[in-house]
Structures are given as C-alpha cells and as structure tokens.
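Note that chain A is present in both complexes that follow, paired respectively with chain B and with chain C.
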Partner chain A sequence: MIDQIIQMTLNLDMPQMSVLEWIITLGKFAFVFIPLAFIVVMIFMERKGASLIQDRLGPNRSALPVFGGLRFFGFVHNFTDGIKLFTKETFIPTYAHKVWYVVAPGIGFLVAFLTPAVIPWFAPLTWWTGDHISQVSGMIIDSDTGILLMFALSSLSIYGTAMSAWASNSKYALLGGMRATAMMISYEVSMGLSLMGIFLLAGSFNLQHIVAWQEAHVWGIFVQPVAFFVFLTSMIAETGRAPFDVAESESEIVAGYHLEYSAMRFGLFYMGEYAHIVIASIIIATLFLGGYAIPFVSTDLLRAHVDIALALCLGGLGTMIGGFHLMVRRWKKVYATMGAKDAGTRNREYSFLQFTSGVASPVVLALAVAVFFLLNPMAATTVDGTPIFPAWVSIAAAAVQVVVLIAKAFLFCWIWIWVRWTLPRFRYDQVMSLGWKILLNLALVNLVVTAIIAKLVTGVR
Partner chain B sequence: MRVLDRTGEKLDLLTVNIGPSHPATHGSLRIICGLEGETIKAAVAEIGYLHRGFEKMVERGTYQQVMPYTDRLNYCSAILNNIAFSKAVESMFEIQITERCKVLRVLMSEFTRIVDHLICVAAALADLGAQTAYFYYFVPREDAMIILEKLTGARLTNSFSRIGGLYRDTYEGFETDVLDFLKKTEESLSDVFKLVDRNRIFLDRTQGIGCITPELAISYGWTGPCLRATGVDRDLRKDQPYFDYQTYDFDTIVGTRGDTYDRLMVRLFEAKESISIVRQAIKRLKPGPINVSDPRVSQPQHEFAYHDMEALINRFKLVYEGVRVPQGEHYDALEAANGELGFFITSDGTGNPWRIKVRPPCLTQFAAFHNLVEGGMVSDAIACLSSINIIAGELDR
Partner chain C sequence: MAKVIQRRSLTLLERSYLWEIIKGMGTTFKHLFRNFKNPEKMQLMSYPEVEVQTPQNYRGSHRLMKRPDGEPRCVACYMCSTACPARCITIEAEPSSDPRIEKKPRKFEIDWLVCVFCGLCEEACPVDAIRMDTRKVAISHYTRKEFIADMPRLLNWDPKDFPANDAQSQKAPGGKQNQQAKQIWGLEVKHS
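What follows is the complex of A and B.
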C-alpha cells in the first residue's frame, strides 16, 4: 500500500525526493509528541508556580529510590501521580452510557496530537544537493488552510467534553458540559475574528507565511496589540482554565464534566487540558511573537552564522546548569543549618546533583566553544543573491529555531499559570457577556481599524 | 422535589442537591435547588447532618463538663464559645471575675475573632476561585494555631475558659507572640485586600449578590457581621458591654447593601478593629489572679486541699457534683465572631444543668438562605453560602 501511495505521489508531478528529504518529512511527525513532552514539565511548573505564588513549598516528597532518594525538587511527583492514575480502578457509573463514557476522554487527548501538524516549527529547510535545491516545509501539513485547520481540529475537543458530560449521567456533569459547550463555541468566534487583522497584514492563512511576514517586518504583538489581548483571553477561555474554569469549577459543580471519571480516564482529561494549553501557547507565540524567528536575525543570517547560534544555545545551557550547581550548593549549606531530620538523605541528593551539574556544566560549555571553532557554515552556492547552504546547516538552524519557539511557548505557559493563581473565577453568565459583548466587539473594531490602516499604508491590495 | 408556582401549577425544574457532601458546604448541610438553566428558581436549605445532640449530652454532666462540648460549636473560634458559656454561668452566680481574667478574655475573644474572620474570608475567596488569597490568610492563621497550642495544648478545639476564670495563665513570651501574629495578620489582610479591592471579577461576583434588607434580616433574627452588613449598627460589645468593652477604643463596621461583598468586607475590616483591641488589651495586661476566690465556683489550691478538711470537701464536691448554679432561668449572650452566641440555661439548683439551649448565630442566617439565593445562579449561591459563614458545628449542635 505504501508503494501505491509513493507511486501516486510520484505520478502527481512531484519532484523526485531524496532520502534525506524523506527522512526529514517523516521525522517531522515526531513534533506531534512535543505537547506530550511539554505536559510533564508543565504540570511540574504549575505545581511549583502555584506554590511560589502562594508562599508554600509545593510537592517535594516523592523520590526515586536511588542515592537515598532523589526528589529532583518535586519533579518525581509527576511520575508517582502517573503511576497512581494508571493503577487505580477504572470505574464506570451504573447508569452511564458505557460506549460514550469510555470514548469521550480520548477525543480531547487525540486533538492534542493533531493540532501540532499545522504549526511551523522551523523555517523551510533549503539545501543544495549538488545539482538542485531541496526544500522541506517546517510544518507537518503544509496547507494553505493552515490556522483554519488548527481551529477546526481544536474545536473537536468540545465533543469529548459534551459526550463525557452527557454520558456520565450526572447533573453536575451535565451542568459542566453545558457551560463548557456554550463557552467554547462563543469564544471561538472572537478568537477567529481577532486573528483576521494579522491574516490581513500577512495576506495568508498559512502560519509559515505569517511567521515569515513577522520575521521580515515586525512581531504581531506590536502591530496587533488588541488582537493579542483578545486572542490570549479567548485562548485562556478556550482551554477552560481559571478565571474561565466555570466548566469544572470545583467549588460550584464539584468537577464539572469529568466529575464521574476516575483513574487514567480522568488523567486523559487532565493531560488533555495541559496539552491544550501548550498548543495554545505555541500558537500565540507563532502568531504574535514571531514564532521560531529570533528578533533582528533572519533565517538567512542565522544559517550564515549557525556556528555562533549553536554555540550561544549550548553556552546558555551550560550557564544554566552552572547556575543550578551554585543554587544546589547554597541550598545544601542552608539545609545543613536547618537541623532537619532527613539532613543526611538530602545531603546525599544535593551532593549527587552538585556533582552531576558540576561535571555537566563545563562539558557543555566546552562543547559550545568547540562548536564555535570547529563548525564553519560555507555557502554551497548562491541563487538570486541568496546563499544556499549544505543540508547540515539548515538542520542545525532549524534546531535552534525549534528551541526558540519552545522558549517563547514556555513564556506563555507561565502566563497561563500566573493568571490561574491570581484571579478569582468568573460566573458563567459573566463569561458569556465578556465574550459576546466585549471581546467580540474589540475583535471587530480591531479588524476594521487594521483594514483601514493597511489600506492607507500599503495602498490597494 | 416538586415545585409548584403560585397557581399550583407544577414547574419543570432540574433538581440539584448541593450537599450534604459538596466542596463548598464546608461541613455537612444540604441545599436542594430547583434549577431552570443555571438560575435557582427554588431553594430549600436543610440542616441536621452534623447533629450530635449537644443540648442533650450536656444535661448528663456537670456544668464544668459542658466546657469542652462548647469547643465543638463554632470550631473556628472555640475559645469564644467557652467564654460565652462561662460568662452565662457566671452571670447566674452574679460573680465578678478578676481584672486580669477580664482583659485576657477580651484578648482571647478578639484573637479568636480574627482567626474566625480570616478563615471565613479565606474560604469564601477560595470558593470564588481565588485560591491564592486562601493561602495568604492561612499563613498567619498557622501562627495563631501555634500560639493557641502553646497556650491551651490544643490547636483547634481548645478549651481555655473556665467558670469563674481561665484554665491557666499565659505562658512566658505570650505577648510578643501575639504582637508578631498581629503584625503578620495586618500584612496578609492588606495583601488580600489589595488583591480583591479593585478586582473586577471579584466585585462582579460579590456586589449585589445575595442582598437582604435590614428588615428581613432582623425578622429572621440575624446578628453579627451579616446583620451589620445590611446597615444595622448592632454589636453586643457596644450595645450591652461586657468585660469592660466600653473602655476599649474600636468602631463597629457597618455595610450598606447587605450583599455578599458587604458581608466579606465587614469581616475583613472587623478583623482590623479586633487587631487594635488586642493591642489595647495587651497594654492593659497587669499581673494578678486569673480565678475568682469564690468557693462556689473555684477549686481551692492544692496546698489547702491537702491540709484542710473543708477545702478537700469543697474540691470533691465541685468536681463530683459540679458548681451548683442558683435555681432559675437565665439567658446570656455575647458577640461571637459570627453573631450573637447565647446560652439559655435552666438550673434546678444542682450541679447538672437541667436544660441548656444554645442560640447559634448560624442557624438564623441559614434559615434565611433561600431568600438570598432564589433568582440567582448556582455560582451566586456558593458565594452567598461562604459569605454568611455557616459552621455546621453550631448550626446543628
């Protein structure tokens, strides 16, 4: 069957793809797992961020049973949570609709795997193969529908919510499902409309083009501040997080639509929520913060100096590890003076972390220096004044761009956490009136103003 | 639940049980709501899920043995209940407690009032979704618990007051501990005030929600911060001063509209007033005896009891038969954190109470609950419930 597909592809007048192109095209599918990898960090960030805001320590008891208990400052807690959720009884209420009840949690989670497909993770790879230029897009699905496809996919997650609420046959769940459905549909309107301004400026729905436009001109947040605000608010509402967590407000309708779920079925909802946040953060970073682009550095410039970029990335990493080393050293001293009961065990863990980071930091820094001196990106050829580099340069630049995008996404992930632990919860009807009466109007006004200014500045389009 | 409209027509409503086990009920109580969409068309508040038979239990023992039961009434401010009960019994005896005891009782009353208000506002904010404010209040509250533990030996249900005096004198360094606590509390109060003061979400969630008119509130027998929030200036500390409250410099905080916002803000500012009262009380704290030397209520010291026959008998009688409260019926109340906490005591002249009726402040407030929430939304009901501070311990007794 795969032969047939390849045959069909070849028949469509596509240029012959080299082995490297095939590897990269297929390898790009690994990006769908990025939100999943993010979740682990995100849950840790949430717990520690909450404890930071609330003047408390946060989870720090779970430990790996090596070196007298490695706690990694509470990071191990995620995994013990996972083990708990996986080993708990998966309970189905008697009067629940069995099929829908079981299927529902998977939908939201599945969507988390689909949406990364339209995100440009790096600039299109171009390289000189010796006789022609090879090109691979930075998105998994390089479609001109782009962001619309993302909206369509992410809207699917509401089916999971509605189904779970209906199938679990509980009044609280029903109320939660009702709230969630109404809210998500309302906020999708202002969410889509708020982006029209930036589509207008970039002249495309394709996220790759939007990022390229931002790279060439200016970041979206500077030309579309209102849209940024509206979109961020709508996205927070869309993910159903505080202050918009009316759908699962634990003090009112207990847990809302996932009230009757336990074990890993609940875990899927929980992880789906975080995956949704990660996707939303990446989308906002892409649309308003220049995506993978580094400020004042174009992709061509990055490729021409990829050795410096890589060295800086590694240098930053090495410095961070070094900072971690110093931090652990100080904590070790503080802990020793506290007279805690487990001082011996903690001391062993801190010594282990201190040693590991003490070794890793110079190694990474040395690697950075080595990269700076040993790598030398030489343009293979020049087409229309643009230098075309060998394949490894493009791939290395792409790696740097992915790191940049993820760093920007982390910034927004933190905003999600920050907002959640700062603001009280809206009432359901207040959420609706905010969505329809304020955000929608702001988005519309923004669109009109943007259109007029764009027309005046750029002339007829 | 079947809900009929005024003409007897059956309304088609979704009935939802909020409670008895619900995250927002903070204990066990039940609100049966008839919902149309999200709007509460009809609500019935049901109590009795934490009924322990307090009033029957106490008849079995002596008057002294009532004391630990009173801790469990409003467990957020246990010492206030102790003081209320001992004050009621003392007024039947018509005895004057010592000066130091008076000041200490004022100090502990206001101290526990601060703790109670902290918990109420913290829980209300947590129910509104502001989890962080909850933790900001629980930091000083933990300090208060440590002070109470040092003072009484227990963290939550601490019996400190005794008939005719106190369990014991303060420990060394008590004043500094309390002053530290006051400072931290002031900080956290202003922190949280800054968080909610101009927070649009908080204001929208609380202002104009669960309003009650002063007339209706009085007709239901409301007292305390909830009544004051409606604009009625009624505070037993001012109106029927006890423990020399008239000599302390403090204001009663009065609201205007009687909504959820007013109730929470009255509590917040009352805590500030209480802080100033505690400061004044600490200044007045002079060394002296804490128990009255009245053989009817206070036990003789050990050195007398071991060497003097009459003292031994006195001690024995007081322990085994209890204090013999003069025959008669008597009602006495004080301003507890939640409102007027009264004890109606019927005594037949023996050491066991014939009947003790508690007038809990929560009960009257919860009786009017359906008036507050009908016509509002489910979220409003939750905001209301936490703002009237229902403590199931004193609601059901």
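What follows is the complex of A and C.
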C-alpha cells in the first residue's frame, strides 16, 4: 500500500526542481520560527514601553557576567526569565486531570508554529537559471484557502485554553476558560466578516493575491478603514490582551485559565500569548498595510534597483546603531550624575556599548555604500516585456521584502503594547456588547457598502 | 456643608469612546516620548546603588539602646513583647548585676520575618530601651534563621549614624557611670 503511494508520487508529472529551488523551498520552513524570534524582542519592548509610559526605567538588573556585568539595558532579563521558568518546579494539582493538564499548554504554543505557513513573506521568486524560469512561492503552503486555513489554525488555540481550564479543576480557571471561549466565539464572527470586504476587492482568499492586489492598487487600510478598525479590535480581543483580558482578569478570577500552572507550562501560555500577538500583527500588516510591498515600488522595480534597496536597509540599520550610540552616551552622563555606588561598573559597560556601537555604525554605513556601488542587478532575460533577473537578485529582493514585512509587523506589535498600557479593562458585559452590538454590525454594514461600491466602480463580479 | 457636585453628562464625542481612547493613547505616548527624550527628568532613583535618604523619624528596624557602660538599657520588663501584636519578641530575663536594677535580658530576639513594624514595642518600653530609628527597612538574608535578630545584633549600631546633637539617641543614660548620666540627662540616678 505505502509502496504504491510512493510509486504514484514519484510517477507524478512534477516539474524537475533544481538544487536552489529545493534549498529555498525547504529553507522557507525557517519562517515558522519568526514568531518565536519576535517574542524575545517583543517582551523586551513590552517591558520598556510599559516602564517609559509609566515614568520608570523597567527591569534592568540581570547582567551577563562578562566585563564586570553587561546589562544591555535589561535585555538579559529575557534569558534569566527563561532559565527561571525552565528550572522551577512543575507542579500538578492533585485533582487536576493529569493528561489534559499536561497537554493543554502545548496546543496554543503549537499553533504559533503552524500559522506562519500561510503568510506570504515575499513576492514569488522568479529567476532565470540559464535555460528556463524557476519559480518559488513566497508562502510555505501556497494554497487558495490561504487565510481561511490560518483562521482555522489560530482558532484551534482556544482548545488549549478551554482544556487547561477544565483540566486544572479549579473554579477560577474554569471561569477564565469560559470567558475566553465566549470571547473567542463572539469576536471570531466580526473578525471574519470584517475581512469579507477586502476579499471581495482582491477576489481571492489567497494572501499572496491579496498582497499583490494591494501592491497594484492601494493599501487595504485606505479602502477599508472600518474593516481595519473592526479587525484590529477583534484581534486584540482574540489575543486576550488588555483591555480585553477578562479571561485572566486578576482582580476577579486571579489569573483565569492558567491559574494552576507553574514553571514552563505557564511559560508556554505566556509565550503563546506573545506568539499570537506577533501572528496577528503580521496578518494585519499583510491584509491592510500591503504586506511585504513597499509603497509605490512594485516587485519588478525593487528587483531592478535591489542595490539601492539593500543599501537603504543597511543604511537604516547603521543609523539605528548610531542612534543607540547617542542614547548610550546620553544615559551614561545621566547615570554619572546619580551618585550610584556602582557608577564605575556601569560606566565601563556604557563605554563598552558606546565603543561597539560607535564602531559598528560607520562599518554598516560603509557596507551600505559598498553594496550600492558594487552590486549591479542586470536583467538576465525578458519575457513578454517583464525582465527576469538572476537568482541572487530575486533572493536579495525577497530579503528586503521580509525586512519590510517585519518592520510593519513591529508597528502593530507596538500598537498592542501601547493599547495595553493605556486602557483599563472592560467589564465582561461591555466586552460582549461591544462584540455583538457594535463590531458585528459595523462589519456587516462595511461588507454591504463595499459590495455596492465595488459593483458601481468596477461593474463586474 | 455638603457640596453637591453635578455630574456632567457626556457629550456625543465622549460617548463614542473612540475619541477618548485616542486622547488617552496620546497621553501615554507623550509620557513615553518625554521619558525617552529626557531620561534625566524621570523622578527615579537607582536603588539600591543610590542611597535613599529617609527622614530621621522613619520607622525602620529595631536597635537596643545602651547605657554608658555598654550594657543594654533594657530591664526585661516584657512590656514590648506583651504589646507586640505579632508576638515576635522573645525575651529571657536574668538577675542584673547592678544592685539598682532588678533584671536584665539574657536573650532578646526579634523575628523580623514576623514583625509588622508597627512600632508598638517602641511605644511600650518604659525606659526607652528599644528604638526603631535605624531607618533600615530593606532586610534581606538567605535563610530564615538570619532574620531573627539577637541581642548582639540589636546592640550593634554605630553612634555616627544618629544625630550627634541628640544625646539621647546616642547613648541612654543610667547605670554605673553617674557622671556621664548627669551630663546627658542633667540629673543623677538615685542609689537605692
């Protein structure tokens, strides 16, 4: 039986894939880890954002034991937190259902690995191999179900929540789980409906097509501002963050569904929440902010001038390092006036950071200039007036597009943090009435209006 | 006189909630931007590297006062341990070698893990033997045992940390050296 299947697969009339195509196709799976990589930065961002909003400095005490302690302004806390979570006692309450209790935290976290599969990270790669055109899609799963698959996967995470709530056999956890489930049911509806407008305009569920449509016409946020608002609100509610964190409201039900969890099991919930935010940010950036597309620059234009794009990216990085250098210099002066006992140690660290960033910044800027002058993207051939470039140009352009998408996603990650540290928590009934009475109606009206306008303007579909 | 405050009804813009959210987010962003731009203007102190200046009358951890001859001033009357709501003072008395004083403590222990720093012991003491003016509140140790302050620890304080012009906070009078007591109190301690 299995032999037959393998035989059938091998006999399929598949186009022969070159080594480079194989490498890229398999290498794309690395994008699965992008939400995880984001988490590290996101937790740091959350802490610093929160502390600066509240007029304080935020945690900054754990240090790497080199050069008399490198604190990196608190970035090291991520790693010490990780060590703490991994080495704490993993406790299972006596009356918990052992199996579901252990399995539940993994579900929400697992989903974070699955959803990046349908996101277009870059425009489809096309390059001229010498005798034919190779093509690799920018998504891991290039399927026309696209966003629907993503919704299906991301709503699976609620099973983890509900299961953990039920399995921990605690009243508070159960209440939290019920609330999370109710929220998810009410907000999923308006979330899906709010997107119908943009599907209508793009004419596809495939995220790649939606981005291509935005690249060719205009960003989704300009044609669908209402949908953007509804979707953003529903997404914030979906991730269960303030002001919609009724599921874990510590003033009423202690910590909600993860009340009975400790150590890394709790850590999985914690990281799952952040991963969910990252995924949501990437999805919003893809749907409403043009995804990987740079405004007014089509993919072909980007490929033709990939040297400029790379130089600009590197230049931006160099400028950011330079900004960091200035910031450290400033803060060094401030700290010296505080009269702290450890002023010497800190001064050494700040001098070290100042020196490294002071060297790195010009080096990166010089690299940017070198890239601009040395690289020279030339079209290898032309098909129907469209220039086809060699492989390295396509890959470099794809790298730039990934950077653009990540930058846009960061913007939304910041909105999540910003909203959380601004707004107080809604009451449970307010959350429900906002979801059912306002957002759902807005989404429906938006769909109808979009449909009418699309019919009037384009006259087809 | 009671003052009636009329509740202002919300305007349409305020009731829409969205505008107020944007205003609130503006406020938080203003804070973020200001603190990022001028970190030195933040009202903060890099504790514990920077010493916090607490006022002299701040109620911190305890110390036992001494007589001029270095003996504890405490007369083991158990007033403080009776007054203590947390029951964290343990005293064991023994006869005093000074003929004018009946008892002195052999053991005097305060469990700082149990203490609620209410200051009632300080109030209760009839001879001003226990004080809470060390201004030390951050007590941190690795074992529970270390949190129990015994008599040598309570007696071990540096007169330099306390105001020099306040003689009473330096050394409690009494005991054998009447001359010194006279200097500080201005009166002699009577022999029995």
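Just so we're on the same page, the second predicted complex is superposed on the first by the 450 of 461 C-alpha atoms of A that agree within 3 Å, B and C clash if a C-alpha of one lies under 4 Å from a C-alpha of the other, contacts with A are read in each partner's own complex, and residues count from 1 in each chain.
As a convention for this text, a residue touches a chain if its C-beta (ideal position, glycine included) is under 8 Å from a C-beta of that chain, and two chains touch if they have at least 3 such contacts.
Note that the structure is predicted; figures quoted are calculated from it, not measured.
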- Message: Quick check for you: in the superposed arrangement, does A:291 touch first (chain B), second (chain C), both or neither?
- Response: neither
- Considering only touches as defined above, state whether A:339 meets chain B (first), chain C (second), both or neither. second
- So, A:55: does it touch chain B (first), chain C (second), both, or neither? both
- Classify the contacts of A:423 with the two partner chains as first (chain B alone), second (chain C alone), both, or neither. both
- Item | Partner chain(s) touched by A:35 [first = chain B, second = chain C, both, neither] | neither
- Return first, second, both or neither, reflecting whether A:331 touches chain B, chain C, both chains, or no partner chain. second
- Note on the structure: In this superposition, the partner of chain A with more touched residues, chain B or chain C, is B
- Message: Let me check the overlay on chain A: which residues of chain A are in contact with chain B and also with chain C?
- Response: 53-56, 421-423
- Once bound in the complex, which stretches of chain A touch chain B? 50, 53-56, 171-172, 175, 179, 242-243, 245-246, 249-254, 421-430
- Message: Can you tell me which positions in chain A touch chain C when the two form their complex?
- Response: 49, 52-57, 330-331, 334-335, 337-343, 418-419, 421-423
- If you look only at chain B, which of its residues touch chain A in the complex? 14-16, 22-24, 35, 38, 125-132, 135-136, 139, 195-196, 199, 201-202, 204-205, 377-380, 382
- Parts of chain C lying in touch with chain A, wherever the complex brings them together: 21, 24-25, 27-29, 31-32, 35-36, 39-40, 42-46, 49-51
